[in-house]
Structure formats: C-alpha cells, structure tokens
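The two complexes that follow have chain A in common; it is paired with chain B in the first and with chain C in the second.
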Partner chain A sequence: MTTALIWRWPTPNGLPPLPLVGGVLALLAGLWLTAPIVEVDFVRLIGSLGRMVTFAGQMFVTPDWEYVPQLLAKMLETIEMTVLGTAVAIVVSLPLGILAAGNATPHPVVYRVTRDLLSLMRALPELVWALVFVSAVGLGPLPGVMALAFVTVGFMGKFFAESIEVVDHKAVEGVRAHGAGWLQVRLFAMLPQALPDFVGTVMYILDHNLRAAAILGLVGAGGIGYDLVMSMRLFQYDRLLLIALSIYLVVTVLDRASDRLRSRIIHGRRT
Partner chain B sequence: MNVHDLKSARPQPLPPKPRNPMPVWVAATLAMLWLIVWDLEISFETLAYGVADMAEYFSRYGQPDFTDLSRYLSLMGVTLATALWGTVFALLVAFFLAPLAARNFAPNAVTYRIAREILNFMRAMPDLLLALIFVAALGLGPLPGALALGVHTAGFLGKFFAESLERVDKGVCEGVASTGANFPQMVMYAGWPSIMREALGYVLYILDRNVRMASVLGLVGAGGIGLALHDTLRLFDYGQSAALILVILATILMIDYASAWLRGRLG
Partner chain C sequence: MSAISIQSVSKRFPNGFEALKGVDTEIRSGSFTVVLGPSGAGKSTLLRLMNGLETPTTGSVRIDGEAVDGLKVRHIRSRVAMVFQQFNLVDRLSVVTNVLTGRLAHRSWVGSVFYLFRQEDLGIAREALSRVGLTDKAWNRADKLSGGQQQRVGIARALAQRPKVILADEPVASLDPVASEEIMALLREICDRDGITVVVNLHQVELARRFADRIIGMNSGKIVFDGSPEQMTQPVLRTIYQREGIEDDNSLDMALAYA
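On to the complex of A and B.
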C-alpha cells in the first residue's frame, strides 16, 4: 500500500484522503467553469417544470390503436437489425480478437495495429457512421446494420481479446505439448476457456445494439427511430406513447434475459 | 488376476456417445439470419455496388477543410461540457439510489424493489428520446442534452454501483453494523469506501460513453458538435464533414487514452 494511492475514507489520521479532496475540488472547479457553456440556469430549470408536467400530461391520451400493426413491423425491423448487426460483428471480431490478444497474436506489430484499428472503429458513435453510410448506400435498414456491425466490432474485438488474455496458461501448454499447431492451440485451448466470457460479451453487445438500433432511424437508417422522431415532430402523442412503451418493454425484456443468462454463466451451472 | 478372469468379466456397456448439437444450432442460426436478410430486403447486389462506390465515396473525404477549426473546437468544448454535466448529474442520482438498490444495504425489500425499478426505467429510455422530450420542455441548447445523458446514465451507474455494493465483504458490513451504525452510516463507512476504486472506474467509463453520445445529441437540437456534422453531411460538404469527424475522433481517442491511463493507476 506504500506506492498505491490511499482512497479509503477512515484514514489513519482521521482526515479525508488528499487525492479524494483534490479530485472533488477539481471536479467542482470544472463544473463551475463549464456552467455558462452548458447554460445551466436553475431558474429556467425550475420554470420549465410546469411545461415538463404539461408535456407528460399530453402523453397520457388514448393510444392510436390503428398504428399498432405498423409499430409491430417497425419493432421487428429494429430487432432484426440488432441481431444481424451483432451476428456480422461476431464473425468479424473473433479473428480480430485473436490477433489483438497479447498471448495469441502472431506478432507484436500485428497486436499493436489491430488494437489501434479496434479503438478507431469504436471511437465514433453508431449514429455518426449511420449518417455516413446513409449517404453512401441510401436509406433503409442496410446502412443501419452496417453502422451497428462496424462500431460493435470495435467493442467486441477488444472484449474478446481481453477475455482471451486471461485464459489459464496450463491448458495452452498441455495442448501445445501434444504437438498442436498455431491455430489448434487457439481453437482448442484458448477459445473454449474464453467462451463463457464471450457469451457474456455478446449479451452485453446485443443489449447495447438494441438501444442503438432503436434510435438509428433518426437519420433514416431503418428501425423504429424514424417513427419516433416523426410522431414527436408532428405532436402525435397517441403514437409516441405506444412507441416509447414498446421500446421500454423490449429493452427491459432483453435486459432481464441477459442479466439472468450472465449470472447463470458466471456462477456456473453444473448439473 | 490371470487371463481367464479377464475373459470371464462381462464387458461393461459403453456410455451413450454424447450427441453434438452444434450443427443444428449453426444451421438454425444461419437460417434465422437468412430470414432476417430476406425480411429486411437487403440485397447483396446493392451492397456490392455500394462497396464499389464506397471507395470513391470515401475518397471525397480526402481533403478535410479546417478553415472553421476554431468554431469546431468551441462546439467540441460545448459537447465535452455537456458530457461532464450529464455524468455529474448521473453520479449524484446514482449516489443516492444505488445503496437503496443493493440487496445487502437496502433498509427493506420495498425500497429495494422501487429503487431497482426506477433504475431500470431510466436505463430503458434511450437518451435521444429523453433529449427530444427535454428539448421540447426546455427549449434548444446543451442543458436538455446534459439532463438526458444524466437521466439515462444514472440508470447504468446506479446498477453498476448497486452490484458492486452487493459484493462488499460481509465482515466489513458486520463490523460497521456492530457499532450500531444506522443506514446512512453503513453506506458511508462500509459501502462507499469499499468500492471506491471500482466506482471511479465505472464513472470514467460512463464519462467516456457520455462524450461519445453528447457528440450526436446535436442531431435533436441539444447543442454541441453533432448538429454541425449533421448539417454539413446534409449539404454534401465533405471537406467540412471530414474535419468535424476528425475533431470528434481526436477528442474521443484522447479521452480514451486518458481514462485508460487513469484506470491503470487506480487498478
């Protein structure tokens, strides 16, 4: 503990630890400096509460039941985009993950290059890529799927690489002792050990992509987002209510399912 | 044991050969993906033409136009400030909600459930939808963006914090509880100090995420660099778009490295 910073509060001398105090002071200074930029105005904030309540009140109208079939179709499209984008990303990021893992990479240079490539891919949010791809291949779900897959490869490749890096070295040595080749060591010693982590990662990414896919329509890249923005702009609160509810429902269901699956994988399920 | 004994021993029936369900799964997945492709009406022809065109298309971004750089930088500043305020807002909300949503700290089962549901709800609302609502209520500008980011990420941060709090060593909790500590004292002396390191890691992750999101919130009128990018792309002004994308990219990579460095020092 001599070299590490002391973070815990009840310190030996009873005073708050210096890094914590310094951090909080720096944060407060930053907030105070940026307040005018963000136009933080508490009077305006409180004054807008009334409008917020009015707005929330307008949401509670009789839903536009006529719209339900179209809503279901759009929601299905959103889910399909999510699944397809994630599937493409899995296929692309498995080899990239192996190349970007310190213990599985063929050469340190390959490792560095792949790592930097992955961090470039995940740097920009899906919406920016969706904007670019919509300009390139036209409106529709295709640019949305491309944007989802592109950004997700950046995240998934990194996560895969990290879970390959922490595999037990003994199994690798054992397989290598049998005269396994380069690819065989990766396939039969490293990937099986990293598989539980992979499943957790895929669930997390699926969750992330569903949220992202729900708003990609904003720029014309397919999914429910377009209807969402349109009903907002046209003040069709009867539709907006349904859309918001359906997004909430789908996201919550997937969230619960992935939570359950992940905890089952992490805590083991030996039958 | 001689040969005769061995021969008389009845051969044990072999255990059934384990069935490998892998091909079935792969086939089912491929079939589902094909169905999706068919349903989304993605034609590979378009994609092939698109790929051919794309090289030409991306070459248009070849000459970034940095004449307006100072304006871009100030817009990026607004974006960063929005992300910072959003993160701090999320931190404040999560600080109060997370102990209530941790099973071992929650005063009773009812508050636990309510806190969990509030966090779930905040997480489920996409931040762009929240931004649309806040823009409608507050008017244009970065403030609704910061609020939207704050509400959405408070759900994430609260969940992460609550999960860390649930992993706090039982002995620590018992030790503090045995001094007669009440709920706030338990949280302040057994809860937060034990998870400080993890919590800082999560806050950095959320800040990172918020910077990315803040750079697109401009699309719905919530200020920042996103609106400028949207406008230049709509006007097919590739030089300026390239410059804007480069500014965003450089900032995000810088934040990425800074937070990786900080996390390395914490860990």
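On to the complex of A and C.
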C-alpha cells in the first residue's frame, strides 16, 4: 500500500509564510513595471545579436606582439598603483575599522561619525575622485593612487569593522578578565580573530582595485586604462586582445594566491 | 584575613532577572572554596562580580579590602585571574601568546601596539606552561589542542598573571572525567603551593567533596548552605538542588542518590 506523498513547508500551517510570498511578488511586479526606465527592450536585444557576434569575431586576430614591451610597462604601472593604493588604505582603514565597529568603538558618537565618513569616501567611484585629484596634483599615476586609496578606505574600513563585530565574545572576555587595557583587548582578542576576514577583504579589494586601476588612465590618472580606451576607439583589436588577456591573467593569479593565503591563515600552518 | 568580601550584594539584569538576592560572605585568603548550585542559581554572576565583569546592583564586593568598581577594575583584575568553562582563549594565537595575555594587565599599551613583550614576561609564561605540563605545546595554535589541554592553557594564563585569587567558572564542565580530575588537582595544587585563593563553580558534587576546604551552596540567588564538605549531607544537598514548586521531585532523588 502506498501513502500519498504530501508536501508541506516547515511552518505551523504548512503554507509558505505570507510576508515572504508577498514580498517576492511585490519585488517582481516592481521590477517589471520599472524596467522601461532603463530601456530594457527584448526586441532591440535580439535585433542586436548579429552586431555582437561581429564584434566578438573581431577579437580573433593575431596579437600585436610589437606592443608587448609597452604593455608590460603599463601593466606594471597598473599593478604598482593597485598595490600601493591598497597598502596605504590598509594602514588607514585598520584604526578607522576599530572606531566603526559596534563592539570596539570607544563611543557611539565616534561610531556614527566614522561610519558616515566611510560612506562619504566610497560614495563616488574611483574615476570621479581621480578627476578631482588630477585637477589637484596634475596628470600621472599619483592622482590614480590617491583616488584608489581614498575609495578603498571607504570600503575596507566598513568591511574591517564588520569582521570585528562578529568576533567571538568569549575570547574577548577571556583577555579582558585578565586586566588587559582598552587597546590591548582590541589588539590581542579582536584583531587576531578578525584576521582571516581581513585577508579575504584585502584580497577581494586588490582584485577590485586592479580592475579600477585599469580604467583610471581614461582621465589621465596613469595605468593601462589610456591604452585600453585608445585601442578600443581606434579599432586596434590586436592590442585590445592582449590588454584584456593580461588583466585577466593578473586577476586570476591574484585569486589563486588569495585562496592559498586565506586557507593557511584559517587552518594554521600545515604540519 | 579575608581575600574576598561580599556585602549584601544583589544583582538585577536589565531584562529584569534577579540573579543574586542579597548575598553576604567572606572568603579567606589561601582557601579553596567550591560553589555548588543548580543552573541559574547565580553562581556565575557571583564569580563575575568578583572580577568586575559584572557590577552589583546594590552592595559591594571587595578584594583585599579594595572595592571592585569602575576606575580601579583593571588594577583589581591584575590580581584576580579567571578560568572559564569554554576556556575563552584566543584560538588563533599561539599557546605562549595566550599565556602572555595574562601579563597585559601589568604592562602599558605602548609595547602591546607592536605585540612586544619583555624578556621576563616570556620567562613567566614559560614557567606557567611548565607548571601545567604544556611546555612542548608552547608554539602550537591554541585551537589545535584538546579540551583538557586548552583548559590548562587557561590556567597557565591565570598563573602568568601572578594573581592573589583565581576564579574558575565551571572549569571542568566541558571536559571528560580524567581531564576534569587533572584540572581540579592542578587548581588544588596551585592553592596549596602558591597560597592563591581559589573559588570554583562546579556541577560535580563528588569533585566538590574531594577538593574543597569549604562549600557554598546557592539556590535562586541566595546562599542556602555554607560549610565544610563533611557538613554537606543528603538533606543539605536537597536544599541546594531543590526546585521551586515541585514537591516530589523524582529527578532530584535520582540525581542525588549516588552523590
């Protein structure tokens, strides 16, 4: 004899929770109604398929090997901008992160002010801050590094603060109970526990910053960006291909390195 | 002379729960006291008050005659060490570094910014680790150790502080019987040899009988028994562990039958 298979949700009445269903439906309806604002048009999308294929086909060209030395020089500059900007941002973000973490901040007012400062810093994208710094200090990689560091502090400070907020309170109490001072509790109980998260954040941000640095050249703030945009404009697909591949390569290497480093920090040295 | 003096202390938490309802007691310097009582009786709160991790709603707690209050709390904590049920180590740091955090109270923040310690502090940490028999694990990460070993690190951290008092909040509740025995023996030895006042919260009546000089029994925020292990008879145990509103408590009978 078979019993009927009856499905039910793990709720008291077996039905999905009404607020959840209502919420999802409202969201879908909202998106459907507002899509025309950004001119989402399926007819146009399908009509353009042909042109997309043509464009993609143009990428299959013999790379311009003559360009490689200049590419390497520009990529090196881009990587240096990324690493320098991120390094400066780490130094600034650590103390700001402590001030902006609910469980580490010295005072709720400091918490509020720091949070607002951080969101101000990341309110505008790198490109816009780069424009500001280019007009301040002139063309070249320097304003690029400044723009990267500035926006990165906004993000990293927030991420650091959030990883500090989730540290295990027991260890914090253990250190505090032995008479450690304000700063000592933060240094010895909170930061070590937040470290794997920090490393994850830094690696993600390096990844992001490399891609951001790759377009800063657009406004004259150094890096590969100028070449990237120019080769696009001048239809030099043989160069564009090399540039795209080299960015992809660096990002991938970074990604692998970050996986290794993170697992080593979480699990400790393999013995 | 009493190391710890607790005068008409009560503690009400913000959620309205009254953990302690007027507790008075003195704990003699160099003694080994065990606090027994059901969960929620206020044992942990009592211990945490002695370390300034909680502040009393009314009454006062004094360590060596000094009141445990806001400004002096760090000074008090430099002499009152704490051992926790869940060990409360910083998992990610090495065993030695965890033990060294016991020295932080005696040092300013200046060196701490660079995670620097004095040579003498390292000597104290090594000595503490050899006392608990973990010299060979010194550079392991704390979370790589077994529960019993982690608790010994917790005790080494307490010792590194060179405390007058060690408070242990259910130090063996997460350990197997053999490790529990080792930890209790270690605490007893520290009390006897170094003359450190030890106060331990326990759920194990039998361990309390064997290791304590004095047993304090608590129930619903009050002290209901205070005496030597010999004075703790079956009726006394019933008073300590009795539950409100339950007349014929079968579970109580069974639990105490072999205690």
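In this section, the second predicted complex is superposed on the first by the 209 of 271 C-alpha atoms of A that agree within 3 Å, B and C clash if a C-alpha of one lies under 4 Å from a C-alpha of the other, contacts with A are read in each partner's own complex, and residues count from 1 in each chain.
Here is the rule we use: contacts are C-beta pairs under 8 Å (C-beta built on N, C-alpha and C of every residue); 3 or more make two chains touch, one makes a residue touch a chain.
Predicted model only: the values in this text are computed from it and were never measured.
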Chain B versus chain C as contact partner of A:A214, first or second or both or neither: first
Chain A residues touched by each partner, larger count belonging to chain B or chain C: B
Partner chain(s) touched by A:L124 [first = chain B, second = chain C, both, neither]: first
Partner chain in contact with A:I247 - chain B first, chain C second, else both or neither: first
Which superposed partner A:P192 touches (first chain B, second chain C, both, neither): second
Touching partner for A:E77 - first (chain B), second (chain C), both, neither: first
Touched partner set for A:A177, first chain B, second chain C, both or neither: second
Overlap of chain C and chain B interfaces on chain A (superposed complexes): none
Chain A-facing residues of chain B, complex: 29, 32-33, 36-37, 39-42, 46-47, 50, 53-54, 57-58, 77-78, 80-82, 84-85, 88, 120-121, 123-126, 128-129, 132-133, 136-139, 141-143, 146, 188-189, 192-194, 196-197, 200, 212-213, 215-216, 219-220, 226, 229-230, 233, 236, 245, 248-249, 252-253, 256, 265-266
Chain A residues touching chain C - in the complex, by the definition given at the top: 168, 170-171, 173-184, 187-189, 192-193, 195-196, 268
Footprint of chain B on chain A - complex, ascending: 5, 7-10, 20, 27, 30-31, 34-35, 37-41, 44-45, 48, 51-52, 55, 76-77, 80-81, 83-84, 87, 119-120, 123-125, 127-128, 131-132, 135-138, 140-142, 145, 211, 214-215, 218-219, 222, 225, 228-229, 232, 244, 247-248, 251-252, 255
Chain A contact footprint on chain C (complex, rising order): 51, 53, 74-78, 81-82, 84, 86-93, 97, 101-102, 104-106, 108-109, 112-113, 115, 141, 143-144, 154, 157-158, 161
